[in-house]
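Have a look at this one.
Which chain is which? They are A, B, C, D, E and F, in the order written, and residues in each are numbered from 1.
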């Protein structure tokens, strides 16, 4: 994964920050399983499971804490 | 999900902050599974499971940490 | 859930703060499953399971982090 | 649980802080299941399960974050 | 594990910080199971499981919080 | 567990801090299950399970957050 995908944690709005948190969560998966075909095949397993969706939302919540702090909670 | 749904983390009261944390938790799910029919079908699976409800409450707790910090814990 | 239940994160003592963390954890469940009869029926499932009790204690711990920070750890 | 069990988060040493984190973790369980006989009966279920012991250690770690912050990491 | 593998939490960019978070997550596994053959044999178990990949991404997210704070969120 | 095992969270390097986080994680287990023979017997259960190793790494990550903050991220 030599490409450049994360140059800053700054975002213009909280919503863009939340979307960056989603990107971070997905990248956390891709570093472990880089094969996009495998990831695609696994999609039904988690997108149709309440437990898996809650777990995914939890990872997003943790990454959003980081992004929100990096943006001083968009207070400025 | 092109709509604008999160413009600020500021809320007037802690309770509104807690409710924003619930919104964030649900949005974390919807970014992964945007199909509301699927989400509706999954509802009985988690709304009647003690483990799933505890897991959902945990995601809310994590998001509430972020919202509470953003509001300086409503100290002002 | 139109009632007002959370007007401040301030508490007089750490123990009251811990008890507020318990309230927050339960409210996190109730927003997802507001039906108190369902919640009552689920009680044996988690109150007699070591794993469920540990998971519940974890949610309390996360909410207690928030309440303790809001009270500057009762240092004053 | 009308007794007073938590009057301060301050401890003299990091080790006492860690032990307070264990107390907080156990209290988080007892607020959900106050019946000590039930808790005693559940003990073999988690004290002999690697997964349950790891989960218990995680709750302690989260509570230790709170206690350590409250003591300014015993830096003084 | 006598080798030196972690001399600083500073990284030049957020992406390098994310990659350090991945290293920390893997090292957390290796301290418990240092046998690389065992780890290699376990790889299919988690790299093809949606739940395991989400759990791995969560550990990365927690470690990324630490690395991001150590770098003041690459604000400077 | 009357012995003294934790007198400071300060470490000379980030790597020693990570190793202290591992110690904290193991102590979190030992306070719940002090019998080292039981712990030894449980070892194969978690050291050969991808899920258990990820869970162990997560506890280390949480404790490393605390140790890193206590050392001001070894910035000085």
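Assume a residue touches a chain if its C-beta (ideal position, glycine included) is under 8 Å from a C-beta of that chain, and two chains touch if they have at least 3 such contacts.
Please read all numbers here as calculations on a predicted model, not as lab measurements.
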Message: Quick check: how many Å separate the C-alpha centres of chain A and chain D?
response: 31
Message: Between chain A and chain B, what distance separates the C-alpha centroids? Give it in angstrom.
response: 16
Field: Inter-chain centre distance, chain B versus chain E - centres from mean C-alpha coordinates, in Å
entry: 27
Message: Please output the residue numbers of chain C that touch at least 2 other chains, ranges allowed.
response: 46, 49, 51, 55-56, 58, 62, 65, 69
- prompt: So that we know how the chains sit together, what is the shape of their touch graph: line, ring, star, complete or other?
  reply: ring
Query: Beginning the circuit at chain A and going via chain E, which chains come one after another?
result: A, E, F, D, C, B
Query: chain C touches which residues of chain D in the complex?
result: 4-9, 24-29, 31-33, 38, 42-43, 45-46, 49, 51-52, 55-56, 58-59, 62-63, 65-66, 69-70
Query: Given the complex with chain A, which residues does chain E contribute to the contact?
result: 13-15, 18-19, 22, 46-51, 53-58, 60-62, 64-65, 68-69, 73-75
